[in-house]
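Input: one structure, supplied below.
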């Protein structure tokens, strides 16, 4: 028996897994359309390679990974690209993002693909293959898997496979492990080889005895040293840091790569995806999705990426009082902005929700500093302090108290007797801090540019002055040489004036031309303006007037060489 | 030694210069918004007050005497102003960071009632040299202590849902009042 | 000096820049001696006198003082004035002198005196400086009087107790008993009460300001209540 | 009387000597405060504060001549930081100075006559183009200061509010109204 | 730099000297008035417990130093005032300290007639709890007048206690420590007086004419 | 708005407070048994005042009233204050104390969850300083053979200040065991003789020791249902015991045995109900230990050497002042980090 470690905190919400874990995985039928976002992973968006009207084959690359952290996007089936455009995606913001809409032709015709022998291939080639296959973490983080195989100079001792699946309701990994244990183990072998890890530990929560048994059996068949460990059921025992802690005793701080400590962790479904990508050259086109909650037939489906959620949910027969959908589990999931969004690589579960199933929490009361949240926090944080600072927008303080070590697991909110949406406050604070950071960078850049400009202007002035002085000197010299004729000095002045006039005239002409143009363009779309837009325009005009004044009052005195006429 | 420690203890807790004697309130209210500033101000005041207590004792004992008692205030304040200016120059040179934080407040030490009040109280209580120093240091440590604690409370109150009209100095004043109330618990500890 | 200028000076001193509730300077005497109206007003007037005289004394000589020596010289002058007043009180208002005790010499370090000299007298002509000193002093006295009044009524149920210290035995009958048979809410006359009552005055001033602003700016200043703690 | 004068003279002389010595020994110069304030200002250089740029405004604040609530691009957060730095109370924006949504300038390329006036106005060199050629704004460099808008003789520059995208989207402050139950 | 600081120092010196001179003048002007008001104040206090008819000398001037004594609770020499009627000792005013008040020492002045009866007692300084132990001040309560005319003769030793402890002196319920301390102190002061009466009045008495001047 | 987590435990603030109120019941029952039902009147009065002040302040602050009245925290403040002051105190005493605690110490800071000071103890401190006379008249416990007032007479005294003819206030009241001890020690009586007085029972005061036992029981219940953690009671009682032991061992003639300190005054109430107020106490475990140990030490110092018979209230308030600093300097180690959560190295975004 392995000695297991514990992490601080954790909670035991009702698991509600039985509903969906009973039935085997069913492939979902081809949907009427697939909406495939180009940005389903952490990192840079993939660059579209197709345009509307293109015919594509199943597994054809349609989005090319761009610089650094990025991953490829593929057509999930064969068909025609109907459009490339902004569609609402499965994201907490509810904002649209770039997607390819694919109308399947029903033939499900594969593009050419072939596997590779990972044992003989160079590491870089294996990683590039994964990148092109669009394999990203399916445990929830959707981090490109190829990046996780870069270990730098660090020696990897343990490879951890995450089969904990600690979130309530979700059973996709459970079913996967029961039904496709062998393939997962094959994936683990590939990963072990790529990482050159000494041991492979598969952590599975002890409430999934069938999965543990299946995995043990498959592991026994492997030539690698693969140990399947039953870990205690506690949320968030499936968090990578927590699972690593439980299995190896190693704690990985925020901002530290686990490879630095000799551990790497992959989800079991990711391992399977990696196996299929390497062995058969199959890109990641589908995933297992648990459909559960307020439905009659909760079960797991194998779903093509891009399948609209409403078409998927219909398979499970939702009850009529369902009023919204959650992607992910009840602890960390996000509410979907609409049922029309499509399944993405991060979609491990769709929960049909109703007010009865998830009654709205009572209105939050003030924090009474009961520290239940601190007792539940798996990151050993003081959530009540983080909340206090986030609420007061004291972001510096929040950061001092390690806001960024928070894994947003929601355990604190779950236990809070005041029902404070703590995680919300942390997310808010984090995104504000990020925004500030980038603003500050922009300001620094602006300062630099401004200072450079000042310097440049100063230098130009200096140069001009120098030149002038030199000219003057030359003129002086010339004057001295040509002793008598005295009128010559006035000549340049007049030419100057006339040339300036000419410039002025040209500008005037241009202005007139532009005014005509402007007059002909301007009234274009004023009628359609909403009152709000009109108000906005008025406001902008007022502001401009003000700025003009300001600009003039400052510009008039020292800077400008030509006194400017009011247009 | 014991009686000196008692003087020290009494000056820090029982007769706390700010909360019981009500002296030195302006810097107490002004420099307690941030913990670091409070600590810095406390350190500077402790330094000045200890020196000032000793110096004023010597002046009172050896230069003034009973005939020139009418020069007490004048000579004390002049000496204090000198010590403060000296401290200011030293801090500006040695710790620009501290100077930055205390910037506007260092000169205010001169107008900190406690700094003149403690030497005057020393004269009133007929303390000897060592007693004067201990009393001065105790007073200053008491000042520092409550200011640091106060700053801690004020930092925490930043996030509190204080009614609009009490935001800022009013609630700080209430807090000082409740602190003063709590410090009454020390009364009687040193008779 | 114009009438308007004078009005401004007094408006500033008595209300807008009031030392006690706005600038929060000169707090020690404000809190320490405001346990009765008589004490409070007496010290307030003594301070006013010092401010008036120091304003008047420093404004005319301000050109002759080098910048580095500014503060020490100002304080010196203040200290002289204060000591003079202290001796005068000692001679002619002995009981009051005893009651106010250390707080008379401490007028020297009352920040507000120096602050006004720095901020006003060192930049303005004599008459204005003297008036500014007086206005600021009176502003302080007003707060002191109100504070003293509230604390005395709450603490003892009386007003003007100790008036005999100023006007002699005969004035003993002037003491007003506001609440007869009062138990005496001692907190009010102890240091904590001083802080809390002053806090209430500050809040009152904030409230009046806020109300004035709301009136001026329509309802826009109204803030929607935010829940969640 | 004489002894009094002597005593005070002695005190004054000793102090004078000590301070004189200290003044020489512990001499410092420079004012790092301006830089600290400048670091907080957003460097938009827009002049809405009434000063010809951020640095001059910072200098004015440091000298105690300007209020801390004059910079709209800095937002309330900026004021708060200034208040913290200077140890003064936070002050909301007054009257005409109010922050507005972040925007960048946009040049209508059909109208631009290439007069270079906007280039001269832009404090951060965010406009590219040569004389008599169409100009473009480098959106990533533009600070949205609007200084180029007024000088343009043909009014071809407009400010475009930056729209929220998924990548720039921020989680909102959770507002839960506790509904009064009457 | 050096020059500037010299100038500064001289400037300071100049103002310091002017200030000092001014203060010296003020001091001289107020000196007498201050001495007078201080004396008046003491006289006022003493006259509360010493009826004017009880003496005809200048009681403020007819003083003697008393060495520290356990019975008086003093640890430093104190001044006693002596009243004489026609050059005969008539009344003495002693300073005494009750060391065991609720929160520290209570300073008293006690007038004792030549026949050993108390002329009056006043509390000069104390730190008792406001509102509870402070009824010993004459300004708040006339409890302190309960000592008038008591003596070692007309109160037995057992009577020198508060009523709660079986003695003869009143108290306010809830605050008995303070009165206990004072009763004890007054009792001891009487004992002191009994032991030291003669040395107390020894030494030159002031002559009656001076009394007129004093008044 | 609707965001994760979508599920939560069913506990609420008002349930927590309600359980704390419940835990007070055994102590109160014993109180009634030994000192008569007057305390129930005090508690009722305190409850009414507490709720009234709470409602008024919420209204003034423009906050919803009902949810906060239902959270039971004001009730708890009222009850605790009523238990700390003499049961026969005049009605206005409890009203002033409760109103002050809730209006000034709680709502000026923003109400529930925001107050740095313990409202009930602020109320107590204000009262003992302002009205020491009324605050030192405690009822004589049942069974000491003296005159006992009927309930009606008690009401009469509380509301009208009148006693039945021929009764002096002294006859029905006494100073508390702690107070008596202090007074008599002051008079140099030996401890043995003092404890011979009828008001002393087995451990401490007759009657009040049983009340303290009742509070101990309630406190154990709170520990069992995990509303409070062991840190504060253990550290407080431990320090009090240790300090008292030291002095007792040095000079048993002038310092009483440690157990006496446990079972007199507000020690038990303080250890389980007052110092544990989550809002005005530290949040970290180490912080709680420091906080309670400090309070224990101060309580002893004030009892043995200070100007007040009991030190729990002032010790609580004095330690309340230190809470922000204690919290700041006792931050626990963060997952995976060696340092505490007060360094500036916070994860970079």
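Per-chain residue numbering starts at 1, and chain names A, B, C, D, E and F are given in the order in which the chains are listed.
Convention: contacts are C-beta pairs under 8 Å (C-beta built on N, C-alpha and C of every residue); 3 or more make two chains touch, one makes a residue touch a chain.
Treat the numbers as computed from the prediction; the structure is a model and nothing was measured.
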Just grab the chain with the largest centre-to-centre distance to chain D, centres being mean Cα coordinates. E
Counting only C-alpha atoms to place each centre, which chain is farthest from chain C? A
Would you say B-E or A-D is joined by more C-beta pairs in contact? A-D
Please report how many Å separate the Cα centroid of chain A from that of chain E, as a whole number. 85
Rounded to the nearest whole Å, what is the centre-to-centre distance of chain A and chain F, using the mean of the C-alpha atoms as each centre? 52
Roughly how many whole angstrom separate the Cα centroids of chain A and chain B? 54
Could you grab the centroid distance between chain E and chain F? Build each centroid from C-alpha atoms only and quote it in angstrom. 44
On chain E, where are the residues touching two or more other chains? 5, 8, 12, 16, 19-20, 23-24, 26-27, 102-103, 131
Per-residue multi-chain contacts in chain C, two or more chains: 68, 72, 76, 79-80, 83, 87, 184, 186-187, 190, 192, 196, 225, 227-229
Using the touch definition from the top, which residues of chain D touch two or more other chains? 4, 7-8, 11-12, 15, 19, 23, 27, 174-176, 178-179
Tell me, which parts of chain B touch chain D in their complex? 30-31, 33-34, 37, 59, 63-64, 67-68, 70-71, 74-75, 78-79, 82, 85-86, 89-90, 92-94, 96, 100, 103-105, 168-169
Given the complex, residues on chain D that touch chain E span 1, 4-5, 7-9, 11-13, 15-17, 19-20, 23-24, 27
Quick check: in the complex, which residue numbers of chain C touch chain F? 183-188, 190, 192, 196, 225, 227, 229
For the complex, which residues does chain B have touching chain E? 70-71, 74, 78, 187-188, 191
Within the complex, chain C is touched by chain F residues 62-64, 96, 104, 113, 126, 129-131, 134
